[in-house]
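After this come two complexes, each holding chain A, first together with chain B and then together with chain C.
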Partner chain A sequence: MKRNLLFPALIFLLVLTVAFSMTLGRYPLALSDIAGFFLFKIFGAGSMEFERYNLLGSLLLDIRMPRILAAILIGASLAVAGSAFQAMFVNPLVSPSLLGVLAGASFGAALGMVFFKSWVAVQVATFLFGFLAVLVSVGIARMHKGNTLLLLVLGGVISSALFTSLLSVIKYIADPYNQLPAITQWLMGGLSLVDGKILLTAGIPQAASIILVCLFSGYLNALSMGDEEARALGISVEWIRMLLIFLATLMSALTVVLAGMIGWVGLIIPHITRMLVGPNNKVVIPASALIGAIYLIVVDDVSRMLFNVEIPIGITTSLIGIPFFAIILRKAKKGWN
Partner chain B sequence: MFNKRRIRIITAIAVFLAVSVFGVDAAKALTVTDMAGRKVTVPDSIRKVYAPSPYGSYIMYSIDPSMLAGLNLPIRDEDMKYFPKAIRNLPLIGSIGGQGRTANIEVLLKAKPDLLIMWSASRSAINDKAEETLKKLNTPYVYAVAESLADYPDVYQFLGKVLKKEKRTKQLISCSRKTLNEIKDVVSRIPAKKRPSVYYAEGVDGLSTECDDSIHVELLKLAGDTDVHRCHTSCHKGFEKVSMEQVILYNPDVIIAQEKVFYDKVFKDPVWRNIKAVREGRVYLIPRHPFNWFDRPPSFMRILGLKWLTHILYPAEYRIDIIKEAREFYRLFLGVELSAQEMKKILYP
Partner chain C sequence: MELKPLIQVEEISFGYTEENVLSDISFTIKKGEIVTLLGPNGCGKSTLIKIMLGLLRPAGGDIFFNGKNIQQMSSKSLAREVAYVPQLHKSSFPYTVRDVVLMGRIPHKAFFFQYSKADMEIAADALGRLSISHLADRAYTEISGGERQLTLIARALAQGAKTFIMDEPASGLDYGNQMRLLDQIIKLSREGYTFIKSTHSPEHALWIADRAIMIKNGALMADGKCDEVISSKNLFHLYNARVNVLKLNRSLRVCVPQTICGCTEFAHSPLPPCELGEPISCSAVRGG
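Right after this comes the complex of A and B.
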């Protein structure tokens, strides 16, 4: 694909996916209904019963729209965090959960569900423990001298294991009738709890950090050549790395706040993007944001449409992602050279 | 000399007599057929029992909590006041077979129960794994089986006989029978078309529910069978996720809510205002202290829950003073005396 056509094409595809997804839902709405609603809402054209108007407003603006926006934010965040980590750690197997942010946030969410009464407190705990887990990994890496990247990876392994076992402790002491199923379901991920308020609170920092990582993506090219080369280019490696880790943690922790654990997106989207656009991180980062967004919208459509009941999105992302990834694996090497 | 000898002989005889009398007493046993159809020899005098699952413990709370060797789950601090003293001081032993904390077999051995009370929701699903563990205890066990709420009187009858608490269980049986018949009678008089449709909202988002044939919503079945989510339950766990759009499509007349977080926000939420039950203020939070009246866990509290639900669904046809009824129920089944004020707190937290 020609480089100058890539971003317009991806943006067009995203808009198309959003528009198409607005028409999908368990509640049957004709295209004319949807068009009529927006014409009436924006231009005041046509006429509409008050009750019908309210119902359409709820369905389109309060139910479908926030979910689609959340899918965009989450898909983009996980894909960008994954791409940045893969470039930074010079390793194609790395995903946003590398430094323990998802494990920490899951633990925070479970802890909140068992001990706190208010949902806001649960969200705050989710966010804080996501950060705490990454802080633990970085702290462990800092304690020792040596290969920083390797120590960070090991710190992440330790921190993830720690918070995963703490999560098991919470599950064990949770009320088995009520809290345990709620925790289990939350950990499988789902966009049904997203509402306008949390979308605004989480969305702004998320969007900001995605943009910041895009702006810093030039440095990623240098980092992916190794620390020595990056230093030779006059880059203060430590600072850039910490800043990128901070931004990636911020956006990943917020995805758990919004929708629980969603795996695989942060691993496969960067690969697919590299296959499409090559290894230059200046292109990979923004492109993976768009592709991640499109992917998660589509997956969420499947989650809410396939059956009478909703399938947790964490399950759908992996069930759709894994076979796809297995098929393209042979070509996946391409984007790295 | 003579005296000493005589004393020795008398002592020996006394010891012999004592041993034979108490020995025979200890060996004295009763053979019963339990509710799973097994023939079990149980000791004649049972002082302590242990239930490997919380369900079995709940039934003991209502029969005689002082007979329990220990608890399966810790009692929440805020619930302490709803339990009689006999329960409050029981040690936490845990359970066997997957419901919550796993018991330590040696702690259990130390507690020395005379009988184990196994609970099963179906005659066919007897838990082999748990049984294997329990064989190590060398303690007889009996099955209480309740496939539905209607089986509770039978369970009380069976356990009353085994535990020699028939006087106590007779009261519980008559109360449960009376309630079950009363509700059946009330509901049968209401034509199907006049029964309000009900959505059971679980989870903090209110978007988890149960299929109408699930054991978790048995009360809905008994109180008019108008659960809007008509489907077949594939697994016992339930907690099926539905979408908001699906709930708008169902547009139920009444919502029964499990979570306070959900209940508190539902009336303010513009999306939920599309639903008839919310617009008409017919959303009800299920009372849950000291344990749930409706489900999770399913317990004898559902007998009271059935009254509460029927009263909510058919306030004109089933006129009761729910606070008075609930206080009587707590007095009879749980052995606690609550003021009308305290009961209001349980009903409308």
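Right after this comes the complex of A and C.
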């Protein structure tokens, strides 16, 4: 695809997906209803009854919008974090969970659910332990001299394993009738608990880090040529890497705060993106944000519409993503070697 | 010839552990010189290259570029003076040749950057100078090894540096590509570029280099004009290999293993007997 058409096309597709997803739900709406509602909201002009505007208002603004916005933020965050990690660690098979952020955040969420009463405390614990897990990885890598990239990956393996075991401890001591099912369900992911407040708290830093990573994406090509080459090109490799790890951790930890564990997005979307736009990270990073957003909205639509009961989105992303990935693998391989 | 050397390496020493990998290495390099670093595997060549690029901090000693100590230069300003052409490698991602060359513009950019039209032109120009413009949109991973190496040189040109440090640039290249690479190095050195390259092939040094620096066990073994330094005796000391350096004509010398060039009867003597001989014709070499 021509590069100057790519982003308008993706943005158009995103808007279309959002509009279409607004119509879906227990109470199906027509596109004209949605258009009418927003025309009324923005311009104050409309022909529908007041009652109906109220209904549409609570349906669209209170229920569907936050959910769709959360899907956009989560999809974009995981895709961008995944793309950045794949370039930075010179390995197309890594995902945002590489340094343990998702394991740590899961542990934090479970810990919060067992020991704290308030949901806010759970969210704070989720976020903090996501960061802590990455700090452990980085700390382990710093303890030793040698190949920093390899040590970071090993640190990530250790840290992930550590927090996964700690999660098991929490599950073991959790009350098996209330807490354990809650933990299990949360770890399967779901967007139903998203509300305007948490969206605002998590969304602003997430959006900011996505934009920052896009601005840094010019370094990623050079970073993926290896540390020495990148440094010889005048790049302060350590500094930029730590900054990118920080941003990726921030946005990934916040996805868990918003909607629990959602796997596979951060691995698959970068591949699909590179398949579509080529490997240049200056294009891949922003494009993967848009594609990840579109993907997660669609997957969330499937999660809530396919059966009477909502399926946890972590399950849907895996069940849709894995076969899809297996099918496109041959084509996707063109994006790396 | 300038009076002031372009590069001064002063008493460099380095150790990864307690033991020194490099000790007390000093030399100077003039603008436009092609300098070849020779030495066996593990002698410290690559370490020296990394120190000169500012990738490793020496334990002792200093390196000056144009009179400036590289330790006091930012990595960006050093990258504007010296470019690194690494050993033949494959990238994990199939960036286009143009994208790879554009990386060379990074030392000229601000912290957040977009490549400008001028950067694009500089990259295109660099590709043109190496006659590989036709590769610009090809994937870097799908072109031949020789073309990849030329791409990395084009990146060094785009970087705007006047000194190129190359780590075994010819290794892994087929014969024809080695020749084309050496041709480009000669061409660029005539334009005023300075080359420091390590190689495992003394012949390459004899063909194109002005100077050879031999490093053995982390110490400077010999430094001088190729014709003088690359001798049977020195190659024996350096590589523990018996090689005759034969003079083909007034300006060209070649290395031939003794077992092949007909001096086998001397192979067990402690030192190679055939020092530089009289000019020998090719048939004479064959005839022994």
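Convention: the second predicted complex is superposed on the first by the 320 of 337 C-alpha atoms of A that agree within 3 Å, B and C clash if a C-alpha of one lies under 4 Å from a C-alpha of the other, contacts with A are read in each partner's own complex, and residues count from 1 in each chain.
Basically, a residue touches a chain if its C-beta (ideal position, glycine included) is under 8 Å from a C-beta of that chain, and two chains touch if they have at least 3 such contacts.
Given the structure is predicted, the values throughout are model-derived calculations rather than measurements.
With chain A as the common reference, the superposed partners chain B and chain C fit together side by side. With both structures placed on the common chain, the touch criterion links A:I34 to neither chain B nor chain C. In the overlay built on the shared chain, the residue A:S192 is in contact with chain B alone; chain C does not reach it.
By the touch criterion defined above, A:M48 lies against neither chain B nor chain C after alignment on the C-alpha atoms of chain A.
Of the two partner chains, chain B is the only one touched by A:D175; chain C is not.
When the shared chain is aligned, chain B comes close enough to touch A:G25, but chain C does not. Contacts of A:F216 after superposition: chain C is touched, whereas chain B is not reached. In the superposed model, A:E310 lies in contact with chain B only, and not with chain C. In the superposition on chain A, contact of A:S224 is made with chain C only, not with chain B. In the superposition on chain A, A:I235 makes contact with chain C only, while chain B stays out of contact range. Our angle of interest has its tip at the CA centre of chain A and reaches the CA centres of chain B and chain C; in the overlay it is 140°, to the nearest 10.
No C-alpha atom of chain B lies closer than 42 Å to one of chain C in the superposed arrangement.
When both complexes are aligned on chain A by C-alpha atoms, no chain A residue touches chain B in the first and chain C in the second. Across the complex, chain A is touched by residues 50, 53-55, 74-80, 82-84, 86, 89-96, 99-100, 103-104, 106-107, 109, 112-115, 141, 159 of chain C.
Listing the residues of chain B that touch chain A in their complex gives 54, 73, 99-101, 203-205, 207-208, 231, 237-246, 248-249, 258, 260-261, 269-271, 273-274, 292, 296-297.
The touching residues of chain A, counted against chain C in their complex, run 87, 90-92, 215-216, 218-219, 221-222, 224-226, 228-229, 231-236, 274, 278-280, 334-337. Across the interface of their complex, chain B is touched by residues 25-27, 54-55, 58-59, 62-63, 117-119, 172-173, 175-178, 181-182, 185, 190, 192-193, 195, 304, 308-312 of chain A.
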